[in-house]
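One chain, chain A, appears in both complexes that follow, with chain B as partner in the first and chain C in the second.
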Partner chain A sequence: MMDKMIFGRYVPAESVLHRMDPRSKLVLIFLFVCIVFLANNMLTYGLLTVYTFLMIALSKVPIRFIYTGLKPVLLLVIFTLFLHLFLTKEGEVLFRLGWITIYEEGLRQGIFISLRFFLLILMTSILTLTTTPIEITDGLESLLAPLNKIKFPVHELALMMSISLRFIPTLMQETDKIMKAQTARGVDFSSGPIKERIKAIIPLLIPLFVSSFKRAEELAVAMESRGYRGGEGRTKYRQLSWGLKDTAMLAMLAALTLVLILLRT
Partner chain B sequence: MKKLSLTAMIEASFFAAFAIILDFLPSLKLSPSISISAAMIPIFILAFRWGFKVSFISGLLWGILQIAMGDAWIATPLQAFIEYFIAFACIGLAGLFFRPIQNQLRSGNKKKALGWVVLAVFAGSLARYFWHFIAGVLFFGSYAPEGMSPVLFSFLANGATMLGAAILCSILAVLIISSAPRLIIRKTDEMIQSQKSVS
Partner chain C sequence: MKKLNIKTMVAIGMLSSISYVLMLLNFPIPPFPQFLMIDFSDIPALIAALIFGPAAGILVELIKNILDYFMTGSATGVPVGHIANFAAGILFVLPTYYVYSKLKTKKGMTFGLVIGTMVMAVIMSVLNYLVILPAYTFFLNFPAMSAPEMRTMIVTGILPFNIIKGVIISFVFMLIFTRMRTWVEKQAVIKSAA
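And now, the complex of A and B:
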């Protein structure tokens, strides 16, 4: 539970994708999410599938981690497939059984659209499986830096994200402690009538919030006394470095995009 | 855009973290089949404590954190932007009721203040789920077959969840604020400072 809170879904491993700059990974995933919609025939979908599985292989993340992340969405993918199978009524009839009729177009659409959904989920999970939340924060801060010009507080947001990520485990521990303390007094959080359970949440939340106000105050004082005064000129402990592999990966995606545009019908 | 005070920024970060934590705790879910969670409560408390700007940023932070931690699911770029950037930030709209709530509480009108609290919780939930509804229409528009009304489906699905979440959150907010009003009333010297920096 604790690890899950700290690292999100990150799975450590030694791979090209793990070592890539978070900025290039973010750009890569963003572009992929856009170009998926270019595919509209067997060949283009095939290419996208091959690319996605190549990425999974490159990431060296054990399949079971990918599978656990997929489980809740898999049902939705299958649901999409069946929705199209039964509701699209175009093309030749492929199959008829009682009141169920499956049309050619329905099968085609069903497979394509659920495949698209499936590939998108896979690719976005590859990002969070190979990149820690804090790296994603650093990457986002650097990519969104131009927004500073229109007075959008990118640096402040990134700092707040780092604080959240840093304190999620701490606050979680505190939640756990208070829950245990209340359970020892006979509070039951997980069963009983709804009214009682709502009442049980109150003595958990109030001490939690009160102590976090105190902690926030302390942290603010600590930061100010160490000279924090906003983003300008602040140096970083974690440096990002763009390397050859980042350029190569993006070039590969650009090539894929070009091929998709040429092959789509 | 004027800078927020450091305390406000840190509290916003902590409360976005609380929202994530409340979403994670399975034992606090009211029933396993209905996913009505109390996760919005921290953002609402912040809205009544600091006002619109802080709660808006805290909500936005919650949305981005979900993307960074891999809890988000992305079907189209536009859907992801609406669902994780705009929708969660809009919970902060509850903070627009900051003044009446503070004024009523300070002048001892607890009942009236709690009335405003309920109104604010519903406004915030409505604002959030309105965007989920729009995202749902977009999503089903590009994934569902023709012949199924994406508008109706998205409306029913999001409407039901919204009502559940809003009712649960307003009960919790009323209980919390009536038993611990000090959570949303800041000390006066802070108050003067923040009025300079927030408004």
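And now, the complex of A and C:
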């Protein structure tokens, strides 16, 4: 549970995708989400599918991790497939059994749309499976740096994000401790009518707020005494470096985009 | 936006993590569909707004949603639900904050929460009609809903859901606020002195 909270869905492995710069991964996924909508026939969808599976293979993440991420959505994908299968009434009749009639257009649309949905989820999962949340934060900070020009506090936002990431596990521990303390005094968190259970949250939340403010105070003092003065001139412990593989991956995506534009109908 | 001091930034970070953890403990309420979930993640945002001002409330909502998108992922791959949650959050927190800052009493807070709930429910219904449901149709290809269909779904589903959500959150927040009011005010004073 604790590890899960620190790393999100990150699965450590030794692969090209793991070693890529988080910035290029973020750009890659963002562009992929855009170009998925270019596909509109068998060939283009086929290409996208091949590309996605190539990425999964490159990431070296065991299939079962990808599957656990997909499980909750799978039902939704199948549901959309059937919805289109039964409700779209265009094109030739392919199949008739009693009151069920399946039309060509319905089958086509159903498969394409569930496939698109499926590919989107797979690709965004690849990002979170191969990148730690802290890397994503660093990458976002660096990518959004131009927004500093319009006075948007990018560095501050990234700092707050890393602080909250850092304190999620501590908070879970704290919650657990408070819950045990309250249980020892007779509070029942797990049963009773819903109104009582909601009320039981209150003696949990208040100590949490107070202790997190105390902790904030301590951390702020510690940061100040170590000379923290904002983003300007800050040197970083984790340096981001854009390498050849990042350029290569983006070039590959650009090639894919070009082919998709040429092949779409 | 004026420069935030370190204490404020750190405290906003902490409140965002409380908010994120509370977001993970979400639950559906029986008559409504699975994707409409209630959670208490707006409470830390409201406290942030009361102590550090409205911008802090917005930041807590923003960070919570970014964290959730990258840590838990989105069912659709595209963060439509997170954008909706962000919009709902600030639409609830800001009106409440402004009403309370004018009145500064316990009654004022109740009144503010009622206004917040109303504003959130009404504007979210409009946003659902114009943006969110069409976005789901576009990304997920849920069969496109016709305008009257969408209207019945909003009037019978989304509007009452948001009202109930607002009422439950307000109820819990009032219980917390009556106990923490002096503490919140003390923090706000310390903050303005720093």
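Note that the second predicted complex is superposed on the first by the 264 of 265 C-alpha atoms of A that agree within 3 Å, B and C clash if a C-alpha of one lies under 4 Å from a C-alpha of the other, contacts with A are read in each partner's own complex, and residues count from 1 in each chain.
Note that in this section a residue touches a chain if its C-beta (ideal position, glycine included) is under 8 Å from a C-beta of that chain, and two chains touch if they have at least 3 such contacts.
Predicted model only: the values in this text are computed from it and were never measured.
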**Item:** Partners on chain A (chain B, chain C) - clash or fit
**Value:** clash
**Request:** Applying the touch criterion given at the start, work out whether A:Y237 contacts chain B, chain C, both or neither, answering first, second, both or neither.
**Result:** neither
**Asked** What is the contact status of A:F30 with respect to chain B (first) and chain C (second): first, second, both, or neither?
**Response** first
**Asked** Regarding the shared-chain residue A:F189, is it in contact with chain B (first), chain C (second), both, or neither?
**Response** first
**Prompt:** Regarding the shared-chain residue A:L165, is it in contact with chain B (first), chain C (second), both, or neither?
**Reply:** both
**Message:** Just to be sure I read the superposition right, which of the two partners does A:G106 touch: chain B = first, chain C = second, or both, or neither?
**Reply:** first
**Fill in**
Footprint intersection on chain A (chain B / chain C) at 8-9, 33, 69, 73, 80, 83-84, 87, 113, 117, 120-121, 124-125, 127-128, 133, 136, 140, 151-153, 156-157, 159-161, 163-165, 167-168, 171-172, 175, 198-199, 201-202, 205-206, 208-210, 212-213, 215-217, 219-220, 223-224, 228, 230
**Item:** Partner chain C, residues of chain A touching it in the complex
**Value:** 8-9, 33, 69, 72-73, 76, 80, 83-84, 87, 113, 116-117, 120-121, 123-125, 127-128, 133, 136, 140, 151-153, 156-157, 159-165, 167-168, 171-172, 175, 198-199, 201-202, 205-206, 208-210, 212-213, 215-217, 219-220, 223-224, 228, 230
**Asked** Which residues of chain B touch chain A in the complex?
**Response** 1, 3-7, 9-18, 20-21, 24-25, 27-28, 30-31, 38, 41-42, 45, 57, 60-61, 64-65, 67-77, 80, 143-148, 168, 171-172, 175-176, 179-180, 182-183
**Request:** Enumerate the contact residues on chain A facing chain B in the complex.
**Result:** 1, 4-5, 8-10, 30, 33-34, 37, 69, 73, 80, 83-84, 87-89, 106, 109, 113, 117, 120-121, 124-125, 127-129, 133, 136-137, 140, 151-153, 156-157, 159-161, 163-165, 167-168, 171-172, 175, 189-190, 194, 197-199, 201-202, 205-206, 208-210, 212-213, 215-217, 219-220, 223-224, 228, 230
**Item:** Parts of chain C lying in touch with chain A, wherever the complex brings them together
**Value:** 1, 3-4, 6-7, 9-18, 20-21, 40, 43-44, 47, 59, 62-63, 66-67, 70-78, 139-143, 168, 171-172, 175-176, 179-180, 183, 187
